Every structure is written in structure tokens, then in C-alpha cells.
Amino acid sequence: MILIVGGGKSSEIAAEEVIRQGAVPLRLVLPEETFSFLPDVETVKGRLLSFTGVQGNFQAEIEIDREVKKFNVGAAVIAVDETPKVSDTDCITLSSILENNYLKCSGTIVILLDAKKPSRASHIVAVEKAIEIKDNNPDCRIYIITPEVRTFGLDELEYCKAQKKGIIFIRAEDIKHSSGKMKVTDSPSGKVLDITPDLVITDEEQEVKNAALWAKAFSINLYEDGHFRLGNVSRGPVTSMRNGVFLCGTASRALLPREMDTSARAAATRAVTASQTPLMLNSAEVDEEKCASCMTCVRVCLFHAPSINEKGKSEICRDLCQSCGLCVNLCPASAISFKGVSRIELRNAVDDVLRCLHE
Amino acid sequence: MYEVGIIGGGAAGLAAALELSRRRVSSVVIDSDKHIGGLSRDLCCKANPVCQRCDACSPVDIRREVRKSPFVTLISSSDVIDASGGPGAYTLSLQSSSGISEIEVKSVIVAIGSPTFDAARDARYRYSDCADVLTSRDLETMMISGNISVPSTGKTPQSLAVIQCVGSRDAKHGAPYCSKVCCKYSLKLVKRVRKELPEIEVTFFYRDWRPSDREYDKLAEYGKEKGVHVVRSRPAEVIIGSRPLVRYATVEDEVREDPFDIVVLAVGLQPPQNSQKLASSLGMECNQYGFFIKKGEGAYAAGCCTGPKDIRESVEEGIAAAGKAAAFLEGLQ
Amino acid sequence: MIIAERKPISEIISIIGNNKKILIAGCRSCASVCMAGGDREVATLSEALGLYSDLNSLGWEISEISKERQCEKEWAREIAEEASSADVILSLGCGVGVQFIQEVSGIPVFPGLNTSNMGGPEEQGIYLEKCGGCGDCTLHLTGGICPIARCSKSMLNGPCGGSQNGKCEINPDTQCAWDAIYQNLKRLNCLEMLSEIIPPKNWIPSRSGGPRKIIRKEMVLSEDEKKIKEGLE
Amino acid sequence: MNDCSILIICCEKMKETVERASLENSAVLALPCLGRIDEAVILRAFRKGADAVIVAGCVEGNCKYNSGNYQARRCVNEVRDILEEIGISGERLEILNLSPNQAVDLVNLFENMKEVVLRLGHPDILGAER
Amino acid sequence: MSHLKDVLESGKFAVTAEISPPKSASCETIRKKAAMLKDCVDAVNLTDNQTAIVRISSFASSLACLQEGVEPILQMTCRDRNRIAMQSDVLGASAFGIHNVMCLSGDHQSFGNQKEAKNVYDVDSIQQLMIFNKMRLEGQVWGGDELKEKPELFLGAAANPFADPFEFRVQRLAKKIAAGADFIQTQAVFDIERFREFMSSVCDRGLDKKVHILAGVMPLKSYNMAEHMKNNVSGITLPDGMISRMKSAADPKEEGLAICNETIEEIKKIKGVHGVHIMAISWESVVPRIIEDADLRD
């Protein structure tokens, strides 16, 4: 069984890919979140209380309407997507008019793309919507105002098509928009353009809801702007900082629809492979009488493995420890050691290496 | 007899092979080049000095793991000239220096990648006539060798120009699409060069700043640094003088010609050659530019041959294709 | 906790002089919490001194031991017994530890650390003085920040004229205690506490009142109990 | 004087890069992560006759365990101070942030580390097997 | 008793100056400087090992000054004396006719030429005022023992309107007054705006009725003195305009005096200021001229 977190598009693709690869997905969504229905995927609305265990056999404790259930899963995929931030602008937002494809407007339409944290696909979505409006109302004038036109890869052809249809693109930074009048200074040339738009469409700032909640449950870290921190490049493409937990979806990286599809399928594949190959890392052990409870290990471990137990001594959680040995080195009382790895072994290793060098 | 035949040993192909070997599925990787690795083979690490997540090292790690895996057989310097059969039983005919041979495989992953645009085809930048006009790949090999010098004089360069969108967003040269990766790649390469030569003056000619991750204002920020100039314009041409002169129109519509020690052309990604023939023989389709379309069972495509993308996305696509192939093979039993 | 810092190695070397057999004694409470005298530091110091002795062919023999605390007679005695064959004991405990071991040890005991103050970690690796041990705590008057330990002039009615944007005049990265007191009391909105004048302090309970001995009467064994105990020993 | 011995301490990921560089007269101590070495390990190496020690780790920001190379850098700086106090020149110890395809940096550093050892000579350690 | 006290209580605009005692065993220079200031200032401060640099003691300098017929103001810092030494010195001073005593916390020893000295700081400047106030009013030393003869003291203290936290400075001044301060000499005024703000909140609380405030003024001699003042002397804020004036001035000394004169004119206009304290360190000769220019002598 593979635990898939999130209610958006990425989790759909990931779930479908997991089924295709012969495993059973369990999709988890927070109670207050909306999610798209998938026929043969068991979707559960609940709160993840704890996620213990190692890759290949995790135990997830989920509270589903006040009743705690335990699930045994092989791997987890966090496929949470960004959602538009509810903002109180009076203009129409891009996401709200996506479904309405018979928009009637004959005047001038301005699409403003200058949100602080936009989604990566907002520009191509805006261009495609502009073409569609232009087709439905041939005599309307459409301006798209944005500092940069970000239509990546093959979307560039849509951008050319839009220009051929007479949609005007203005690269502008400062846009004064007050009571129906708009003053736009074209940043390259500095010329000022006055527009009286009949309809203003803006793109929204994206945010990741409940990122901290998921990060705490899975004990993985976040970036400051609230996105999930990816594993370093040396850990592989869709990994997080914890073995067996994989990241895809726009909550970790900015993705176009096609990229989102690839990343979700890759994460699903890695998860299915990971659940079949359990990982047995020997975790560090703390010798309780030697421990001076000085919290050094708790502070230096970036994987949140050590913690001070009720006896006031340090204890290292077997599931989170990735046996990197940093705490073994830094513990002032040398209370932490591995099965078979301690200060003396390290010292002897140095001696042997140098002895055979001198032969 | 192998379970999966992977055509092309680049980042995507090897990632697929590695993922399959993790699932104990045997695969054969056929690469036309003498050395396995494809486009991402000789990329230098862009740390300045902190890792810029350019992903150049992940193909290297994957290649090393693949070499150790017993499930993968590597066949280099041999081309797949023809393929036949259907899902579950394909035969690939290989042509190598020792003649033609046949290989039976149950499933195929096409990962032939896509070559970079040959800068000589765009005569305006005089790539073939002037030694100091380099493509980003030439600069890359110079970085790997460790000494950056002006090709014609051998001295260390004082000024560098980077021209974006060479061979992409350019209908005349058959590449009207945007190659998506050169923006991110050029900025990281320039930062790495400036770590090596802190005093170098860099001018960045770009049309639209299209970053990879959420680095929307990174170029503007970098433009504020001393010695970095960011110009939104597409240079008209390069004039050969004692030093190459870049002729371009500035934002205030005034034409200028600035001399640079080195001019770097950020070359885009071209569609894979004769992909139509290989596609039809495997029952796959290509779009109007020659990029593979991912559809159907048995034969899958991954990497740059399905469209320009960066290393991370190619590796992800390779893993996804491997997953699909493995699922397909399980379906066969 | 007691904060201490290891002496520079060159100073330790000059302290050891021409003794040959050295026992390095570590301590696993305050000294190891402030990363100065725990097992790890004992190992590092013994390697460093070993390297020095090999470099100058002095032929030192260095052995190591480390106890839960050095400031207990029982553990101090164990360290002293362990050092039967040594010429000198180099203690990496705080000043208290050195003196406890010296009381029961037949051979000289040298300090390896410079014991500094009572305080705690500001963050991993940065330790800050917090308490001056004046024996008569008035933290309730100064918003929970002790001016005696943390103001360079130990003023009780500060700040002096030299406090500039929160920093002490003598050192720009020392926080002005009184500025912090003012901000703290402002936050707890009891600024009126600052209008009363704190009268001159009674320094008798502090160090200047002579070395202090604190007695918990109900814990001291009576004479005959001690006799019974020692008698049995 | 070609018998100078240089110890290279590297992490698991860099092991192959270091071995591939096949530097003669050098020993390689590979550890799962550079975060494991502490001052005693490097001092021990000098004590056992190493003329120079190179600590080779991943590029900062790309360590599999995130803090291995930062900790190694702090440890190397600390050991350099101790060596100076003891009388061994700090130039004999160097930390290098490598990436898998940059073996050329390691070879360059190894070369000028050899020059350093030639210039400074052996630290004539009594206890070291020579 | 104290001439300064009479001047201030008569409501006249008092003028005091400052002499820094020399680093030598002879007080010839003090006598010379005192003679210079003889009839143009009401009293003269004798600093007590300023910036923790060892000089002839304030007590001896005050005596020499008194002998020259100029009223001294004895300065006493809390850095070097515990409460026993303070109280006995004040008794001695009063016995010899030195009645003006200024209580200061004193500069930390790390500023001076005895950096490794152990400081005392048994009491701080406010507690010092309390002790001396108890001595002069109740004739008792701190702790209650009776004195045969009460000392006559006119107690002064310092105030720095330019130090932080700015809004607490007036409240601290109020504490000094409650502890027994009769007159206050402020830090050198350069930022007139901030001083005006300080004085207005002083008057709001009616403190100007309870104490005589003398505004400190310091003539600048050169541009690098101005830079030094701004960067290395704690508690002094120098507006940039003034520094650039000094930098571009043809004759920096004249420019310094001009600035000093302007400042005094401004200070005279501020309500609640009862006098000026001229701190012409090692430039005492210019004090008469300053008094002339600002016609402080009526």
C-alpha cells in the first residue's frame, strides 16, 4: 500500500500511476480540503497523527472523524498542490473564469499577470484563455500586461498564435490601477499607456495550505516560503529528506502541467519500488548513563531523530535516523555510537589505512 | 533476450535502466556514442561555492550505479537502424563497427535525447568564422579543463557576453519553440564563471527571463551586482574585429556595438534526427517538429526526445517510463 | 551551568612542563555541556598532546578517564586511584573539579580549562554569562534580567550615559542589560517599577563577603552516625 | 623525496571519484559521511605519519545528509589552529568541496599539497612507522 | 556656603567650565588655568580620572583651585571608591570648603590606561546621591551612625539626553532629583533638536522647578576631533551637518567657536535651562572668549 497525500491534480496522477504499477494507493486529504473524486482509489478524509516506521514498512496513524485508524504502508508520496490564495481584489481571478468558456465581452479586456508568487503555468493558461475569448468575441481588444512572458517550451507556439490574433502583450512593471482607469508604463520604452478596461482578469498568488501540518507529521523540513524542502540533488530527483517519503506536486517545485504529470508518475514509480525494497539502516544508540542531556545532538541533527525522553536522557528515533554519524562525532560525552562504529573503531581505521600506506 | 531495450544512454535512458534494475528487471542500453552519457555527460558542477542545484552531478551518480548493476548491459557506439515487432516482442537491429546484429526485447524505451542547435547554422553570430564566439557547451568543456582563456589570445577574459535564445524561439531555423532550459542554465553557468574570475564583466542579452524554479526576480537581482549588466534585447549580429563586437538595439531603440573578449551563444535544443522513422517502426508518433509523443503501451519515450527539458525532468521522465515498462511486463505474465 | 573554555594548547604544554605520564580527566556534566571537557574534548586533547610529544620525542604516556562529575569526593577518589602510575593529572573539569581531585590525590592536579561564569547557551556553541552569584537575588526588581552579571558597571539604577541603541559602551556586541530590562518591563507593561530607586546593595552574601558555605541542617549526619558509617568502612 | 604520504579522508559519495583519480602515494579513508570525523581523527593521522591530510567532501548544499561538509569544514579549521599551536604548519591540512565530475580539482590540490610537503619536509614524528 | 548655589538660586544664568587635571604630581597647570577663568565663571569642574586615565586626584585639584579663588566642583565616580571611601572623602572636602560635589557612574576601566584593574561599583550614581543626601540632611552615614558635624553639600549629577532608551532618560532624571540632586550638567549638546525635545518633556513633568539644569557645550577644534567625538566617545550624537561644516571650514577653530556660539544662543531660548557648562577640554584658554561672544556675563 502507498500513502498519497493531497487532493489536487498531482495526487490524482500519482494514484492512477500507482494502480497501473500494481500497488494499492491510499489517498489522504484533510477534512476541510476539497478533492476530485477518483473511481477506484480509496480516498480518506482525516488528520495524520503520526508517521512512524522505515521505508518498506511505515505505520500511519490517521484520525478519521474522531476515530484513530492504523495503516501499514510501504512508502508515501506527498503530492500536495498549491492553491490560489483567497484575495480580496475586486477583479476576476484567472482560476475563476477557467471553466466559463463562453465569456461575452466586446470591450477591452486586460489580463494582469504580476502576482508576487504566481503559479508557473499562469502565463500559458492566461494566453490560452485570451485566444479562446478572442475567438468567441472577435472584435474585443485584449491586453496582457506582465513583466516577463513566461510561456515555456512548446507553449511558445501558443504565444505566437496569440500575437498573430492581435492580442497585445505589454511588458510593464509599474501599473497604476484605480477606479476603472489604468495607467501602464511600458518598461522597455518608458511610454505610458492609458487603458479603460471593461474587464480586468488577474492571476492569484499561490500558497500551500497546511504545509507545516504535513511537514510535522512526516518530520520533513520546509523552505521559508512554505514549500516542502526537496532532498539534495545527491538524494535523487523526487526525494524528500526522509527515506521512503517522496515529493511531487507544485507544493515542492513550480511545475507546468506536463512537468507535473512526469513528476507525479516518477514519484509514484519511486514509491512503488521503495515499498518493495525495505531499507534497514542501523540507527545510532544512546548510552544513557554517559548522556549529559546537553541537547547538542537534538540541535545538530537536521532529521529531527534525537529527542530528550521522559528520563531526561537523549533517545534517537530508529525511523528517522539516517545513520550519518554527525551526533556520534559531536556528542561531548561520546554517549552515542552505532552498532560496531565508535571512537575506537574510527581510530583503528586511521591506523590501518596509514600503516598499509607505508608498506 | 532482455526484458527492456533502452535506445539512448543519456540521463533519461540511464535513469530508466537504474529504476528497472531496482525492480530486478533486466535491460539493455544501446548508445550510438563511444562513451555513454549523452548530452549531460560533460557538464561541470556549477557550485559557486554553494550548490546551485544544476543537477549536473545526478547523471554522473546514476551512470556509476548503473555500471555496478548486474541487470543492465551497456552497448555503446552502435546505432538502432531498424525496429520491428509489436508490444511484448520487439526486435531491434543494431549497426555497429562489427556489422549488424539483432536484439529481442519485450518492451522499448526511446531516450535518444536531442542535439543542441548547431550555432554555425545561424550565420549572424559568425560562430564558424570567429574563434572567440563559443556555444555554451564549448564554455562548459573549457570550465571542466579548469582554465578559462580567450581562444584566440590565450589570456584570461575580462568581459563576456551571453546571448540567449540562439536556435530557439527562431522560426527561420526551424525552432519556433522555447528550449525552456537555457535561461536557468546560462545564469548558473555565468555565476560559476564569475566565481572562477570574480573581476569579469558579464552582459546578459535576454528576451524573456524564464527561470526553472520560483526564481522569478533572480536575474534582475543578479543584474544589480557589480560587473553584471542585463540587457533585454536580441542582438542583431556579431561583427568580427580584434575582439568580437555584438551589435544590438537597446531598450531606448539606440543601436550599439560593444566589444567582448568572449561571446557565448546559449544554444537551444533541436528535435532528435530521423525520429519519424524510428517512431513509425515502433508504432509511435512524433509531433510536427519531430518530438516523440508519449502514448500507447509497450514502447515508451523519455527525456529530451519528447520535448526540451532540464536534466531533473529527463531523469524523472526516465523513471516514469521505467515504471510503465515494468508494469507492462508484469501485465504480460 | 558553569561555563568553561579549554586553555590554549601551548599553555597546557607549558603547565605540564617535563612531566612524563599524564592522566587526562574529563567531566560529563557542565564541562561537557559547554563542549570544553567531555570525552570528545579529552580524546582531542590527548591526541594533540600525543602528537606534540611524538613531534619533540618527549615520550609522554597519556591516559584518559572521565566521570559523571568531578565535584564529588567519591568520583574524585576514583580518578586519583586511576592515576596511581601517572606523574600528574590534567583535569578538564571546571575549577571545582580540579580542587576536589587535588584534595584526595597524591600527585599534582593541573587545570586544563579556564572556568569563566554561570550562564547558558545563547545558541549552539555560543555561551552567555547570566548570573553573578551575588547571593541576594533581586531579579524581580529588574524584569528578570540581572544587571550585576550582565551590566559592565553592575549598576542597579541604570542605564549609564553610554548605552547606545541597545549596546553597551564598552563593547558593541555586548547587550546593554538595562536597555534589555527597559524593553522587557515595557513588554510586561510594568514600567513603573523603574521609577523606584533601588537602594545600595548588601554585598555580604556575595563573594566580597568572604567564601560562602551553605548548610542544609536537616541533611547533615550527626557525629555518631558518621562514626558508625566510617567505623564500618 | 617521493615517499611523502598523503591521507585523503572522503565521504561515501566521493569514494569513487577519489579512487578514479588514482593518486599515488596516498591512502583513502572512506566514511559514510564527513560529519563523522572529529579533531582526534585528523590529529591521529598526523601522529601516525601522514605528511598531509586532504578532507574531500561534497559541495556545500549537496551533501546527502546536509550537514556533513559544513561540520568537516569547522573541524578542519579547529585542527588547523591546534596544529599551529603544536608546531606543525596548517598548510598540511586542506578541505576540498568536490563534485562527482570535478576530479581535476582534487588532482590539482594533490599536486600542490605534494609541493607543500616537499617544501616543509616530514614532520618527523617519532611514533610513526617510517 | 556654595557660590554656585547662590548664583543658581538667585535665578542668574550660571556658567561653569571644566579643567582636566594633569597627569603629573604638580598642580601648576591647574593654578594657571584657574587664574585664567578666575572672574568669568561661577564654578569649575575638576574631573575624576576622566576616561579611566590616571590623573592627579579631583580632591587635590579642587583644593588648588580653591586656593586660586575659583569655586571648584569636586567630581566623584563610583568606579574607584566603595561607599566607605566616598563618604570619608566628602567629609574631608566639606571640611576644606569644597561644597559642590558631582556624582557620576564613571567610565569603565577598559577605556583608560589601567585596563586590567578591578572596578568597584559598590554603589551607582543614584545610590551615591542618596548616601550624600542622607549625610547632609540627617547627619548620618549610610546605615545610621551619627556624624558629629554635618557636611554642607551642593549635590550635582550628570544627564545624557542623547543616550538610549531616549524616552526613559527623563524618568531617570526624576530618580536623580528624588535621590537628592540639586543641579544637573548634561552631556555636550550638538543635536539641538533632540535637546529641545528632552527639555520640553522635563518641563512637562515640572522637573525644571525642582533642579537647576546646566546644558553642556563643547567647542570643536578640528574635523578629526568631531569625527573622534562622533565615533569613539560614548553617548555623544553629532549631526552630520555639523561634521561637514567642520570639514569644509577654512579655519576649523573659528568654525567650532561659531557653532558653539550658535548652540549657546539656542540653549538660552529653551525654557528650564538655568545655565551653561562649557567643556573646553585642553582648550580652557578659549572659555573667556566664548563667554564674551555669547555675552553670558552681565
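As written, the chain order gives the labels A, B, C, D and E, with residue 1 at the start of each chain.
In the analysis below, a residue touches a chain if its C-beta (ideal position, glycine included) is under 8 Å from a C-beta of that chain, and two chains touch if they have at least 3 such contacts.
Values in this document were obtained by computation on a predicted structure and should not be read as measured data.
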| said: By the touch criterion stated at the start, how many steps lie between subunit A and subunit B on the shortest route? | reply: 1
| task | Determine the shortest chain-contact distance, in steps, between subunit C and subunit E. | result | 1
| remark: Most remote chain w.r.t. Subunit E, using mean C-alpha positions, is B
| query | Comparing B-D against A-D, which pair counts more contacting C-beta pairs? | reply | A-D
| request: Let me have the rounded angstrom distance from the C-alpha centre of subunit D over to the C-alpha centre of subunit E, please. | output: 63
| query | Whole-Å distance, subunit A centre to subunit C centre, using C-alpha means? | reply | 48
| field | Where subunit B and subunit C are represented by their mean Cα positions, the distance between them in whole Å | value | 61
| query | subunit C to subunit D: how many Å between their CA centres? | reply | 36
| remark: Touching at least 2 other chains, the residues of subunit A are 232-234, 300, 329-330, 343
| remark: The positions of subunit D in contact with two or more other chains are 13, 38, 40, 44, 61-62, 128
| note | Touching two or more other chains in subunit E are residues none
| Interchain pairs in contact, sorted by label | A-B, A-C, A-D, B-D, C-D, C-E
| query | Hey, which residues of subunit D end up touching subunit C in the complex? | reply | 38-40, 43-44, 46-47, 82, 85-88, 123-128
| said: Under the stated contact criterion, what part of subunit C meets subunit D in this complex? | reply: 8-10, 40, 43-44, 46-48, 50-52, 54-57, 59
| Complex contact set, residues of subunit B against subunit A | 19, 22-23, 51, 53, 55, 57-58, 61, 169, 171, 176-180, 208-210, 212-214, 216, 232, 251-253, 287, 291, 307-309, 312-313, 315-317, 319-320, 322-324, 326-327, 330
| subunit E-touching residues of subunit C, taken from the complex the two chains share | 152-166, 169-171, 176, 179, 182-183, 194-195, 197-201, 203
| query | If you look only at subunit B, which of its residues touch subunit D in the complex? | reply | 42-45, 47, 49-51, 53, 56-57, 60-61, 64, 144-146
